[in-house]
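The structure under discussion is supplied below as structure tokens; questions concerning it will follow.
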Amino acid sequence: MNLEDPALIDRSDPAAYIAEAAEAYRNWGRWGEDDRLGTLNLIGDAERARAAALVREGRVLSLAQSFDMDGPQRGWRRRTNPVHTMLDTGTDAERGTQGFPHGIGGADDVIAMPLQCSTQWDGLGHIFDRGMAWNGRRAGDVVTSDGDLVTGIEHTADRIVGRGVLLDLGAHLRPQTGELEDGYAITSADLDACIAAQSGTGASSAVGRGDLLLVRTGRLSRARREGWGEYAGGPSAGLSVTTAGWLRSRDVAAVATDTWGFEVRPNEFDVAFQPLHQIAIPNMGLTIGEMWDLDALAQACRERGRWEFLLVAPPLPITGAVGSPVNPLAIL
Amino acid sequence: MNLEDPALIDRSDPAAYIAEAAEAYRNWGRWGEDDRLGTLNLIGDAERARAAALVREGRVLSLAQSFDMDGPQRGWRRRTNPVHTMLDTGTDAERGTQGFPHGIGGADDVIAMPLQCSTQWDGLGHIFDRGMAWNGRRAGDVVTSDGDLVTGIEHTADRIVGRGVLLDLGAHLRPQTGELEDGYAITSADLDACIAAQSGTGASSAVGRGDLLLVRTGRLSRARREGWGEYAGGPSAGLSVTTAGWLRSRDVAAVATDTWGFEVRPNEFDVAFQPLHQIAIPNMGLTIGEMWDLDALAQACRERGRWEFLLVAPPLPITGAVGSPVNPLAIL
Amino acid sequence: MNLEDPALIDRSDPAAYIAEAAEAYRNWGRWGEDDRLGTLNLIGDAERARAAALVREGRVLSLAQSFDMDGPQRGWRRRTNPVHTMLDTGTDAERGTQGFPHGIGGADDVIAMPLQCSTQWDGLGHIFDRGMAWNGRRAGDVVTSDGDLVTGIEHTADRIVGRGVLLDLGAHLRPQTGELEDGYAITSADLDACIAAQSGTGASSAVGRGDLLLVRTGRLSRARREGWGEYAGGPSAGLSVTTAGWLRSRDVAAVATDTWGFEVRPNEFDVAFQPLHQIAIPNMGLTIGEMWDLDALAQACRERGRWEFLLVAPPLPITGAVGSPVNPLAIL
Amino acid sequence: MNLEDPALIDRSDPAAYIAEAAEAYRNWGRWGEDDRLGTLNLIGDAERARAAALVREGRVLSLAQSFDMDGPQRGWRRRTNPVHTMLDTGTDAERGTQGFPHGIGGADDVIAMPLQCSTQWDGLGHIFDRGMAWNGRRAGDVVTSDGDLVTGIEHTADRIVGRGVLLDLGAHLRPQTGELEDGYAITSADLDACIAAQSGTGASSAVGRGDLLLVRTGRLSRARREGWGEYAGGPSAGLSVTTAGWLRSRDVAAVATDTWGFEVRPNEFDVAFQPLHQIAIPNMGLTIGEMWDLDALAQACRERGRWEFLLVAPPLPITGAVGSPVNPLAIL
């Protein structure tokens, strides 16, 4: 089966495509039987040191959306927006009802949120392929009601620091609007062409081993302008299922996009749900970022003609979590 | 009043001390009437670029504790440990009960936690002084039940990247154990002596304008060995209230410790609660980190004879939060 | 000012109306300075014994909506629908991953929900009138971030048992559809006429001292048929602000409706928000039920030509809560 | 095997005992293949009408503990105490920061709690026996991460109204203290003797078909006096595993106790966990109440020489829940 040409996909048979792609791109065993990190193994100290050397100005951009009730979630699989409540307030403190001495007052707060509600990393326990988790483990041996007992996001706490590269597919393919239309499947050829185009001013867009690849579609820009609508779970541009081999051969450490679901939606089969996730997470061991805000970064990169930077995106080490909210920082 | 000599503190009158220290060290208006950042203003792009240049090896250490039910909280002011629950699991996926096509399965999860429960930043809305918040605003104008309407932690999303310096007071003052005893008040003289001692192999321990200062007491090491006990809220070594002037004159951007409460406990007055917080946060505009894990970092610094590094500690941009959990990364 | 004729309301001046009605119907001090119960004082043991004697068949109807993510909330003032998650599941138990002996398995679960999200009682601390709470206390002395320190819902734990009377205004006024149109303000005259009409077969619809009055508008029936839409917070039939005097003179112990907000919406002033709440809760001390499901009860009452029953509607005694979810039971 | 004599239990083999008792007392199929209610089927309208007729005085007692952070939970299987937080407060309202017109102010609140944290009903999906749930269903077909898809507590919303009978074993067996010692296993003989003793003044303690049986051990009285200690999960008096047959032959509809775990702890085998649950819930279909406060009720019954009453204990109809907090009301 030709796995790389979008035109040759048999839309009626996602299972066959997924099975063959999973087999072709699988990384099981590559980093040992006990591995918990997948492609994050591809970033080592040397890669990080080189990435730090990319910092020229010290300018920092946060790639996180706001975490609050005004987020995109509409209840899909019980995902809600974050609920932030106060345990103590300044109104209480000012009124003197808190019971503290010498005029000190305090405010505390609480958050309740799905770990997948906003800007996030999908951990390796987030997706399974036919009952199997990353590295060939049975899904039920890895993630129970007690959480991810093997590949919990806490294992990545000190890992996600490296060279970030932004590919602004929105601007590359739609120079006028900067926004891809819903359902547009970004292909490997698109990625290569974007790299070539952006690299007109240097090699800063090249994507290779251990890199943290950021792909901007413009979907979030539209949601900002038009309201969330179906941003969470609805139609969107995104990576084609056929880019799995490209991601595998470049050996990127992680990929993130400005969309809810990373891959194109509707998916490229008649009846399907996130087939690229199914290939990439449990088979390749690829960590995926979703709902990142890449707009300000795209502008900053464009202004500088430079698309690489130090990316520091530490998950919260929540024991056994299958993902984590994150405030990724690009340092230029 | 002599504010700097711990021996001269009138233990019976915290209010007088606090009032005079607040007046002496206050930064209100220093960064304009609309300021939301306080001493974080002291880190600019140039400082960040210099900090990035400190990276030599690319080695990363996470300074976060684990976020889970096994944390230190015992219910003080309704602070609980994080509760992490699953919305979908691998056992469900493996059994085929999730209703997805082509063999894909998924796991989602949820967290509920006080923002002050584990490794954290205290935002500027966290503490008030006699009804006033940072920059001279009334507490009730800043933090209501809707959260911090002015100085919410989201404003710091792209700020906390800079030069970190670790002062290992535990090892400096107690070379045998590396752990200060409960109630030990670290003085300005202690800080200076530690800098001098650590700088035997270079100037890497110097503390100055815009730095992110980390102070290790050894309190967490003991909790690891003996169990949490009263780690959250009980006795501990910590900074003396008399270090407020030192912190102000060095113009540090932020300070963090490995203790629950940053300052020495019991506090240095007969009846008191966190007087240094009351001086530092609303008056100086100082961002404070608590419950950081500095043990591995201390060992790494000692081995290298080098106590400075790039520190990247991005809060989650939770709109209106008075603090944030954080996974701070030291990059050596 | 004529407070009772809806036609004479000055729509431009809600404040004047509210002030006068509050003064006219106020119950402050009626049950002593320390009172925590308001009109719930009107139900005594004798009333409860008489109410129990109304039970003839032993037939029970639950008047609660379902508590789940499919509820009506759309985020108004951070009210969400209930989020129910599992701590342990049958899939885990069946797979044998729970670590229990001799084949026992278990499932546990967690709920997170606003207390005002679904079928509920509004406690006396839920609404304030110009900074004052029930019985003439200052709002800030009653409800702080620590909850309702005086009139918390826990004080009503053993109180809400009594004679329930259903007035089906929907069926009375709109016999064809059984549903009042949005914005219809139910007047005192409507209530009296409904009582008269329903009492054709007996006196079972009479409303008097200590009764628990249930008013059906048909709004929930429509939401069931058409979807929630703006059920939570949007337009609806409901009680006119002018019924305050009627409720006060009948000395009902509590009132509940099948609508989100008890009173008509939009409210009967040009710019207003829930003026009847403002009069009834802090001034009269009236406990109010909202989002009750009265449809099956209406049918059962109609079939029997009998509109009174034993009503048992115990709140959860959540310490300091300003309201409570409830599963009210009508026992016929 | 003799299942009824505690002295003959083989402490080394809980599995054999449980298997035989499960077989002996199983109710699978008794109420049809689709049954969701188990022994709650044993209460019909006639039973409820008779129970209502037990009301003489109209006196109501709440049998619920308080729901708050001061509860007994210590983290076992991630069970926490309820966390109650405010979304709006009286301090805010009084200060005028809420943005409402004409002086209305409001307070809202939120609860997050395990459904098993305090006074509760265990639903039929709460416990499994060797992978099987109530009525012979596979555990994984019943309770997934989506909750209890078959026997969720919502199906009992209009069921739990009936004749309550209190057996005060604490007072019966330990007249001086009213409190059984930890580890005391209440036997069928104890239950019969208590009925006989309490019925000295009438037949009001008889236990039969469709009754709601309440068993007081005095464990909560002690916790009130001494502090929670190990109330949640630790040693306690409780029903002997050998009472399963007694409960089955009396055909009680439900049973509740004043202890954390209903049955005696430590359990009556060398290595075991809640064997009576394993027999009673999935096999008999018995709904079990735990952590009820029976102290005031015991006193009231003793004073009256009358141990029966109308019991109304409606769970919150949380869709798919395996249990529910409850405020049970005894109406005398």
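Just so it is clear, A, B, C and D label the chains in written order, and each chain counts residues from 1 on its own.
Just so we're on the same page, contacts are C-beta pairs under 8 Å (C-beta built on N, C-alpha and C of every residue); 3 or more make two chains touch, one makes a residue touch a chain.
These figures come from a predicted structure and were not determined experimentally.
S.K.: Comparing the two chain pairs, does A-D have more C-beta contacts than A-C, or is it the other way round?
M.R.: Answer to which pair has more contacts is A-C.
S.K.: Half is the threshold here, strictly exceeded: which of B-D, A-D or A-B has more than half of its contact pairs identical to B-C by residue number?
M.R.: That would be A-D, since it shares over half of the contact pairs of B-C.
S.K.: Whole-Å distance, subunit C centre to subunit D centre, using C-alpha means?
M.R.: 28
S.K.: Need the CA-centroid distance for the pair subunit A / subunit D, whole Å please.
M.R.: The mean C-alpha positions of subunit A and subunit D differ by 46 Å.
S.K.: Could you list which residues of subunit B touch at least two other chains?
M.R.: 78, 83-89, 91-92, 94-95, 97, 110, 112, 140-141, 144-145, in rising order.
S.K.: Quick one: which bits of subunit C touch subunit A in the complex? Just the residue numbers, please.
M.R.: Of all residues in subunit C, those touching subunit A are 69, 75, 78, 80-81, 83-89, 91-92, 95, 97, 112, 140-141, 144-146.
S.K.: Along subunit B, where are the residues that touch subunit A in the complex?
M.R.: 14-15, 18, 44-53, 55-62, 64-68, 70, 77-79, 82, 84-91, 93-96, 100-116, 125-131, 133, 138-145, 147-148, 154, 157-159, 161, 269, 271-275, 277-278, 310, 312, 314-323, 325-329, 331
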